[in-house]
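Shared between the two complexes below is subunit A, which pairs with subunit B and subunit C, respectively.
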Partner chain A sequence: MRLINRHPGRAARLFLGSLPFLILVVAYLVASAARLADNPGDKLLPALSSFAQAIETMALTPDRRTGAYLLWSDTWASLTRLWAGLGIATAITLVMGLAIGVLPVMRALLAPVVAFASMVPPLALLPILFIALGLGETSKIALIVIGVTPFLIRDLSLAAAALPREMIVKAETLSASTWLIALRVVLPQVMPRLLDSLRLQLGPAFLFLIAAEAISADSGLGYRIFLVRRYLSMDIIFPYVAWITLLAVAMDLGLGGLRRLMFPWWGLEGRR
Partner chain B sequence: MSLRIPSVLVSLVALGALAATPLAAEPKSRFKVGWSIYVGWMPWGYAADTGIVDRWAEKYGIAIEVTQFNDYIESINQYTAGAYDAVTLTNMDGLSIPAAGGVDTTAVIVGDFSAGNDAVILKDSTSLAEIAGRNVNLVEFSVSHYLLARALDSVGLSERDVRVINTADPDMAAAFQTRDVTAMVTWNPIVSEIAAMPGANLVFDSSDIPGEIIDLMVANTAVLADNPDFGKALAGIWYETAALMVADTPEGAAARAAMGAASGTDQAGYEAQLAATRLFADPAEAVAFTLSPDLGTTMDHIRTFLFDKGLLGAGAPSADVIGIELPGGAVMGDPANVKFRFDATYMQLAADGAL
Partner chain C sequence: MNAITVENVWKEYGDQIVLENLNLSIAPRAFVALVGPSGCGKTTFLRMLLGQERPTRGRILLDGAPLPPEPGPDRGVVYQRYSVFPHLTVLGNVMIGTELRGARLLGRRFGAARRALADDSRAMLAEVGLAGSEDKYPAQLSGGMQQRLALAQALMMKPRVLLLDEPFGALDPGIRADIHKLMKRLWNEVPMTVVMVTHDLREAFTLATRILAFERLRDRPEERLRYGATLSRDIDVWPPRIAGRTTLYDADIPPGQDDLTAFGQVPGTTRHTGAADHAAHSPLA
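Right, the complex of A and B next:
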């Protein structure tokens, strides 16, 4: 049988899928044990027990100074910023993306400036944002909005423009107005695409969030990582990185599920 | 900045490889020294550029590679991870990072102490007590944080009376110009830049706590013990360069101009920073400072601050958890866990002209 036609069974798939994770964990444990044997106080590659202790301190013990549970207060602060940023970006995208996709006049007016704006590296704007909007929450949320919105708008307007011309003509022959066509024909068909591109933008959104928190904050996941970096607390940094990854994966799955729930007819994987 | 997290992971994997070859504590001939930009450490860069380093290394038959770091904390982390044999740092960071990380560290050269280079700055207020209730922007857990604690102490306030906002040092000057920032603690050259801004008032600075924020050249204790020539070379490099830079000669002026340019200012700007620095160009003065009982008092302040902030380790039962050896062998804290040492040997050799 050709290799291209050999499909692993269920058990083999599970094994193959977990193999890279296993290799990473074993490699870590070996390196960590070697360093700890050399210097029991080593902070670079802590033992698993140190992780457990750090997680206990951060997630289950109230902070001595503020009485807050740091992991949860950091998570809440970060997610508030992230959701605010993504929410604003989505709202702007719906209005502008639809306008650009549906109306040739708006396309002529806005498409070039959006294309231009999407090429500005958002992190390079950070110093300007901090001066213009202060060091508070506004500048952090603004960075996420600026970083994510142009991409979302371009994607949405491309999706709208790619709808079959016949569909629009058909709606027109049924005497639908421009407003009605945008709302009832175009919008339902681009919404699933918007949810999917939002999923793809989760990574960049977290990147912008952490970059902003690293510069000035008093809570947040990125803040904590860059704070404890000062004294090389890998026992806190690793669990935080894992936790951020987990949050991003959960949001990705959530948005995917939401799309399937709201638009079951859309795409090849949808229910028939 | 944002790229650091993946790069931290990548470097971890690379450092994991180091586990197989931990920094060998045995006689060797190649040494790596890291330094970062700060008024009291510029001589190291100048010495490397002008061949002073190579001359002293050659004299002792060793090779010394001097690397400039653009990120101070990264340089300390590299040293703590074992990639460097010696690094420039402050007494406080030496205790909280390498020593708390189990790397036995010795201060070879006490280069200077800050006498005005670190300052508490208030906007539109000239009284330190008016800091109460304000947001204070500073690099958390740095010497700025320590200075704030000492400043608050001096007017009967505590950290509960303010709200600390962690802010990255490259953004301090810009941050001070925004409306919501009204109090800041930072270091030079940022202090002099901010002091020139309208409404900025220096209400407390490191000259109010002289000798407490000390800039050191530290080396791995095991490496140093097996390679005393490395310590001698470091002392030779430092005192030759320091003597040159304080000299009132055209050569001295040229050295100061070069160090100023390398730190992003000019000769006048650099000399202004030097004025706020108590530089020990004379080894005898450095030895006297290191042997004075005040050093023990300072380190006690520092370790108490670090312990209060939980920086001596999560499970540390008291500030005594890490032993600090003072010159003469007296140990403050746990004598079974000495990880930070002050050693005047090499400075004394320089003072005796025995290098």
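Right, the complex of A and C next:
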């Protein structure tokens, strides 16, 4: 039988999917054990016990100076910034993306400037944001908004413009106004796409968040990583990176589930 | 008065002349089939009737008044594809027209108004043979059922003119015959004029009262740009079909009793079948 026709079963898929993770973990443990055998004081690849201890210090023990549980207060600070940024970006996208996608006049007015803005490297704007908005929360949220919104707008307006013309004409023959076409025909059909492109923008959003926190903050996941870097505390950095990844994966799955829940019709077309 | 009057209409895209010098009038309650080879401007003509495109020259009148420059609820349409909204259930698709017309801010009805509309919509769905599928999404319906839904959705607006753009072209022959029966019944019962684009002559003669053929009269390569298609044939189908009545050939005639004049009940070539009475009790009327 040709390889292209071999489909793994359920158990085989589970095994194959977890194989790379296992290999990574084993490779780490072997390398770590080898380095620690050479030099018990090695900080580069700590043993699992050091991780457990670091996690206990960060997550389960109040900080000696502030009394806060650092992992949780860092997580809360970062997620607040991230969600504020993504929320504002989504709101702007819904208004501008729909306007560009539905109205030829707005497309002529806004599409060029959005295309231009999406090419500005957001991190290069960070100094400007820090100068103009100060070092507080505003500049960090603004960086996420600026970095993410142009792509969301372009994606949404393309999706709206790609709806078949017949559907718009049909809505007109059902006495819809421009506003009602946008509200009841275009918006519900581009919402699943918006959720999907939001999932794709989670990566960049975390990138902007951590970059901003690394440069200037007093709490946050990115701040902590760059703070303990000075002491070569790999035992803290590794769990933090894993935690950030886990948060991003959870948000990705959550948005995917939300889409399936809210838009059960999405994807029916292809499956039939 | 004519339902649709087309006066000296030309359609050009830049240098390309697509349709030239169309003059015709369509009687109210007629069922007109537009036939012709691919690229002869049938669909362009339908789009002009719809208001999606405007004639380059000439004018089109609807019930004696100039055609509005954009599509509206007086002209319904059913396409071969994309006629129904994939994000609404079957019931939602039938309700949306009335909702859009009544609720100009949110496009939704609530409470008692919504329940009444849902009841009307269910009756309409039963009329087109979709009872029981109310909660499905269009993608879960077969092609024939999707087109039935599209017809129900369009008819909820009680359009004066129903425009059909090859609506049954993608259906299997058996399903197509079923939906032809439905289309005939709807045309008999609903007070509307129908204009249908089709490439299937058999379909045209099965359904229509009148057949318009578009053709390029000059079709040499060097002539194609500067000469468009025009009306080449205008055929009244015989025996004449009259909306609300059944023709001799469509009637159920018991064997051995085919000389209908012997019963003294038949005016001309048509006879009353009670379809109009049925229409009076139907939710479609």
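What we mean here is this: the second predicted complex is superposed on the first by the 267 of 272 C-alpha atoms of A that agree within 3 Å, B and C clash if a C-alpha of one lies under 4 Å from a C-alpha of the other, contacts with A are read in each partner's own complex, and residues count from 1 in each chain.
FYI, a residue touches a chain if its C-beta (ideal position, glycine included) is under 8 Å from a C-beta of that chain, and two chains touch if they have at least 3 such contacts.
Because the structure is predicted, anything quoted here is derived from the model rather than measured.
*Asks:* With both structures placed on chain A, which of the two partners, subunit B or subunit C, ends up touching more residues of subunit A?
*Replies:* Ranking subunit B and subunit C by residues of subunit A touched puts B first.
*Asks:* Counting only touches as set out at the top, which of subunit B and subunit C does A:174 meet: first, second, both, neither?
*Replies:* second
*Asks:* Pick one for A:164: touches subunit B only (first), subunit C only (second), both, or neither.
*Replies:* In the superposition, A:164 touches subunit C alone.
*Asks:* Mind working out whether A:40 is in touch with subunit B, subunit C, both or neither, as first, second, both or neither?
*Replies:* first
*Asks:* Under the stated touch criterion, which partner chain does A:241 make contact with: subunit B (first), subunit C (second), both, or neither?
*Replies:* Touch partner of A:241: subunit B, not subunit C.
*Asks:* Between subunit B (first) and subunit C (second), which, if any, makes contact with A:12: first, second, both or neither?
*Replies:* Touch status of A:12: no partner.
*Asks:* Indicate the residue numbers of subunit A shared between its subunit B interface and its subunit C interface, in ascending order.
*Replies:* Touching subunit B and subunit C on subunit A: no residues.
*Asks:* In the complex, go through subunit B and note every residue touching subunit A.
*Replies:* Residues in contact with subunit A: 1-2, 4-5, 8-9, 12, 15-20, 22, 73, 77, 80-81, 96-97, 100-103, 137, 139-142, 159, 163-168, 171, 174-175, 177-181, 310-311, 314-315, 339.
*Asks:* So in the complex, which bits of subunit C are touching subunit A?
*Replies:* 50, 52, 70-73, 75-77, 79, 81-87, 96-97, 99-101, 104, 106-108, 137, 139-140, 153-154, 157, 159
*Asks:* Which residues of subunit A touch subunit B once you look at their complex with the stated criterion?
*Replies:* Residue list for subunit A touching subunit B: 27-28, 30-32, 34-35, 38-45, 53-54, 57, 64-65, 123, 127, 130-131, 134-136, 207-208, 210-211, 214-218, 223, 225-227, 229-232, 234-235, 237, 241.
*Asks:* Give every residue of subunit A touching subunit C within the complex, in rising order.
*Replies:* 164, 166-167, 169-177, 180, 183-185, 188-189, 263-266, 268-269, 271-272
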